[in-house]
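The same subunit A turns up in both complexes below, where it pairs with subunit B and then with subunit C.
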Partner chain A sequence: MSHLDLLTFARGSALNWALMLCVAGVVLRLFEIFGLGRKADLAKPRAARPGSGWRTMVTRSLPPEGMLKHDPVTYIGGYVFHLGLLVTIFFFAPHIEFIRSMTGLSWPGLPAALVDALAVAAMAALGTLLAHRLNNLVKRMLSGIGDYLAWTVTLLPLLTGYLAYHHLLLEYTLMLALHLFSIELLLVLLPFTKLFHTFSLFISRWYNGDLFARKGVAS
Partner chain B sequence: MTASLSKGINAFKEVIDAPIASFFSSCVHCGLCAEACLFYTETGEAKYTPIHKLEPLRRVWQQEYTLLGSLGKLLSLSKPVTDEELTEWEPLVYDSCTLCGCCSMVCPVGNDLTYMIRKMREGMAASGHAPEDLIAATTRAITIGSPMGIKWPAVQAQIKHVQADTGIEVPVEREGADYLVLMSSMEIINFPEYLSALSRIFKQAGVSWTLASDAFEATNSGIQIGSSDLAREIVSRIVVAAERLKVKCVISPECGHAFTALRWEGPNLMGRPFGFEVKHILEVLDELRAAGKLKTRGKDNRPLTYHDPCQIARRGGVVEQPRRLLSEIAADFREMPDAGVMNWCCGGGGGVSAITRAEPLRLQVFKIKKGQIEATGVQTLVTACANCRIVIEEALEHYHMKIEVVGLTELLAQYLVEENASPIPSPVSGRG
Partner chain C sequence: MKQAEQLDNLPGTVGEGLTQRGISRREFLKFCSSLTALLALPPSMASAMAEAISKARRQSVIWLSFQECTGCTESITRSHSPTLENLIFDLISLDYHHTLQAASAEAAEHAREQAMKDNAGKYLLIVDGSVPLGNPGFSTIAGISNHDMLVETAKGAAAIVAVGTCAAYGGIPKAGPNPTGAVAVGDIIKDKPIINVPGCPPIPVVMTGVLVHFLTFGSIPELDELGRPKSFYGETIHDRCYRRPFYDQGKFAQSFDDEAARQGWCLFKLGCKGPVTYNACATTKWNDGTSFPIQSGHGCIGCSEPNFWDAGPLYKALSVPASATSEMLGAAAAVGAAAGVAITWHNRSTKAAANTAHEKVTVQELTQEKK
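Let's look at the complex of A and B:
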């Protein structure tokens, strides 16, 4: 199989399968959550606060007062990583073009040099967060194989993308194929690892905001 | 599997709902919840990380309610929850969690960890892994009517004293009164000032109220231990009395968890909404203030601070009321750092103060409160929970801190403008 064949497979049936598994997995996991239901709260809530769950979905993205200084590495590392990852995925011109070819949707990208820098920053943040995880007693205790697996499959697309873009290490076509495979691995594992927080964190924050708002507290 | 263990696991399965499944699914193991838990910040011990306290419950969720987890269980790849493990977790779920709610405010993915720990206690209690002291307190609450073993004659004796001191009649079993007043055992034994203060304030404000002889105790160790059945039995006494006396509102006393038990858990325990309102005493006092019915004279010149009881502020939404009330009578009110909904717990809520073996830990974690109080430089701390009060007083003594702790209701009564009442014993120094 030539590199080109490999790439064709990677962006063809492999990607289709990965996307299908990812969607099926997400649907299954959402079903596992919502299928459990929730008892109606019979206690009369305080003054209705419409939108409290939705508000918490947004406000929880910021550290509560005083928390930043408790663990700046996690907060700052977390922001840099997530921002770098999102920009790289959605504002890198070739990615937009790829999405356009598949869905017809497109939007303006950001300068390649900026995206490149943010991708490097995201990888550096991942490295720092891993070191922090290994050094911090609490994080190390909480971490299991799933955490390190999630870390690896998140790093791989960034790394292979970076190497492909800069024509480093391997022949470009091969690296691009590997880049796609790494994304496919990420897609397949996403619903079944802690990476599922990509979806479930919105649900959790909504519940949190709702539970607190019933008692009259903005959380 | 022993019968009690399987009972416990079943209780775990029963409490797991969509929010809990979502919370476990979302956890990214960032460890930030530890930074919000005083048991971790003051000891540095990783085992006190809030999400770690839930590990057995998490595994039951994973093994029972996720496809991958149940496959793992089928193939015997996953670790089952055992009695030994629950024994090990007992001090984590009870002794080192005051259900203060701080962790739920900081988790970046939005996990309400406190909600989960409260629910987890259902399985711990069902499997026989609740602390003995809490079991004993709950048994007393069920058989005698109060966790501290207080019976109605003790309340009657207090009523007599109050009537003699104030010249005001304490109404008992008065049908059709607007308010049913409850107390906590702690108030009956240690802080008789509360009932006296309330009688005077209500007399001045012209409030119609009553006590009930079969429902005077507001605390509910059933919710602390995590037994909904027992909690229901305890709360139903109040509901029955409130309905019998046809009151419009039941007043939860200066006690944090009693408010949670009655206001937020009560209707859910009973399986129906209440036909009467439930308010914390601070809410009632603030309403009287707003209506111009709570008249005070003079100000307290002592520097004062206010400790927000977790269940009243963060878990109860009563934050502004005590501040508005204090502004009426305090000349030099000082907020602690992190006051309000992010206030640090006293270390004794959620049943912890009733667990004897937890005392050294409770005193250790009080250091955070100590620092908060010291930052204000006050000698007087006001609060609105008899449990916080006892816990703080004991810890202050332990740390040789000369700080007086007073209940807000009682402090207000000291500055009350009274008509047609016998003179009140003059308040402490510094009245301005």
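Let's look at the complex of A and C:
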């Protein structure tokens, strides 16, 4: 099997299955979460704070007072990583073309050099956050295999994409195929690991904000 | 008798032949300089090359054409440096070639057999076209199957040059469903050095350049893992493309006739396979260095790569799934929803069963003293 054959497989059957498993898994998990339901809250709300859920989605995305100074690595590292990852996924022209082919939506891309720099920043942030996780006793105790798995499958697409773009380590076609395989691994694992926070994050923040508002501690 | 006289008049070495034809040493050195540049050799090699070539005997070459379209021959006739005429008259003795030789029928086959006998172990075998293994009758020459002719002729060859993607990797005849059971030369011949010169067709000067390398050094050039000479196939079209800066800037043509296409922006979104295609089109170019497909407004189709015909749609970008559709994802979402409903039903049933089975404890029971 030549490298191009491998790439064709990665772009074809392998990608089809990964996309289908990801979509089916995400829909399944959302049904599962919403289907759990909650008991009706019969108590009278403490304060009428409409929009508290939406506000919490924003406020919980910002560091609480004093926390940035208290734990700068976690906050700054987290921001740099997520920003770098989002720009790399959504503003690199070949990626936009992928999204356009699946959804019909498209937008202008950013220069490759800028995306490249942000991808490097995202990878550096991931490395720093891992080191911090391992060196911080509390974080290390809280971490399980799922966290390290999520870290690995998030890093791999960034790393293989970077190596492919710069023609490093392996021949380009082979590295591009590996890049696609790493994305497919991420897609398959996303619904069933902590990576599902991609979808559940803002849902849970809205829910918490709304619930707390009823109890009088709205954002 | 007449033929024998002609043979006697043929020059022994290339140098003698050049002198007979009135070609000066200066002209010959100039020719060798262009060849060293073509082969990515240091300029100092030009004189060494001139020395080697002029002392060499004209190389016997047998060219076999199997399942092919004659595009490779068409291409090599357009070589400009060296020209095919240069090659045939000065450097090689093309002893057998269906399209170019004057002889036909038995005389043609006799020429092949004679060349094989006279130059046993020394002749260069060039093959274009794939070899059908499905049925010997799918492609024959003078009643001999392609497979048998290849095996017979390869036995006495010093080396084999598989010209074109069909000979090198099976090419279009091998594309799914491969009705003739087409294979590449390298799938059949395992005991001879094989140089793959893929392309559909290959660049003319790449073909002649590879031949000249063999004639000069008497050995095959450095090859990559797919058997291609690194000097011509070492870099991708994309990396040497004059439109590459537009790719880096995120400037792409959206259709073949939009303003961006007219401005010469990158053709990646229109399906250009330059990023995964190793060839010299972007540097050597075609028609005496005039242009190459991307320069004339069409994306690269990756014709020098193995199985390029089955490597996804030609007009879809490399980053686009080869076959995934939104309908397919819709079906996956429906399956996920059905599974989600089933799991929700199961969870709720479990919850309801737990509620039903739950036995409430009264205050009386809690305060009751143990007897």
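Here is the rule we use: the second predicted complex is superposed on the first by the 212 of 219 C-alpha atoms of A that agree within 3 Å, B and C clash if a C-alpha of one lies under 4 Å from a C-alpha of the other, contacts with A are read in each partner's own complex, and residues count from 1 in each chain.
We adopt the following convention: a contact is a pair of C-beta atoms (placed from the backbone, for glycine too) under 8 Å apart; a residue touches a chain by one contact, two chains touch by 3 or more.
Worth saying up front: this structure is predicted, and the values here are computed from it rather than measured.
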* For the three-chain model obtained by superposing on subunit A, do subunit B and subunit C clash or fit? -> fit
* Asked: Counting only touches as set out at the top, which of subunit B and subunit C does A:28 meet: first, second, both, neither?
  -> both
* Structure fact -> Check: subunit B-subunit A-subunit C angle from CA centres, nearest 10 degrees, reads 170
* To do: Mind working out whether A:176 is in touch with subunit B, subunit C, both or neither, as first, second, both or neither?
  => second
* To do: May I ask you to decide whether A:145 touches subunit B, subunit C, both, or neither, giving the answer as first, second, both or neither?
  => neither
* Partner chain in contact with A:36 - subunit B first, subunit C second, else both or neither -> both
* Please work out whether A:105 is in contact with subunit B alone, subunit C alone, both, or neither, and reply first, second, both or neither. => neither
* Asked: What's your read, subunit B or subunit C touching more residues of subunit A?
  -> B
* Considering only touches as defined above, state whether A:2 meets subunit B (first), subunit C (second), both or neither. => second
* To do: For A:11, decide between first (touching subunit B), second (touching subunit C), both and neither.
  => second
* Note down the smallest distance between any C-alpha of subunit B and any C-alpha of subunit C in the overlay, whole angstrom. => 7
* Indicate the residue numbers of subunit A shared between its subunit B interface and its subunit C interface, in ascending order. => 28-29, 32, 35-37
* Structure fact -> Contacts from subunit A onto subunit B in the complex sit at residues 28-29, 32-39, 41-44, 46, 56-57, 60-61, 63-67, 70-71, 74, 78, 136-143, 147, 192, 194, 196-197, 200-201, 203-209, 211-212, 214-219
* To do: Write out the stretch or stretches of subunit A touching subunit C in their complex.
  => 2-5, 7-8, 11-13, 15-16, 19-21, 23-32, 35-37, 93-95, 97-98, 101-103, 108-113, 167, 172-173, 176
* Residue numbers on subunit B that touch subunit A, as the complex places them -> 16-23, 25-32, 34-36, 40, 44, 46-47, 49, 51-52, 65-68, 104-112, 115, 263-268, 270-274, 277, 313-319, 338, 341-342
* Structure fact -> Counting only contacts in the complex, subunit C reaches subunit A at residues 169, 226, 236, 239, 247-250, 252, 268-269, 275-276, 302, 305-308, 310-312, 316-324, 326, 328-329, 331-333, 335-337, 339-341, 343-344, 347-348
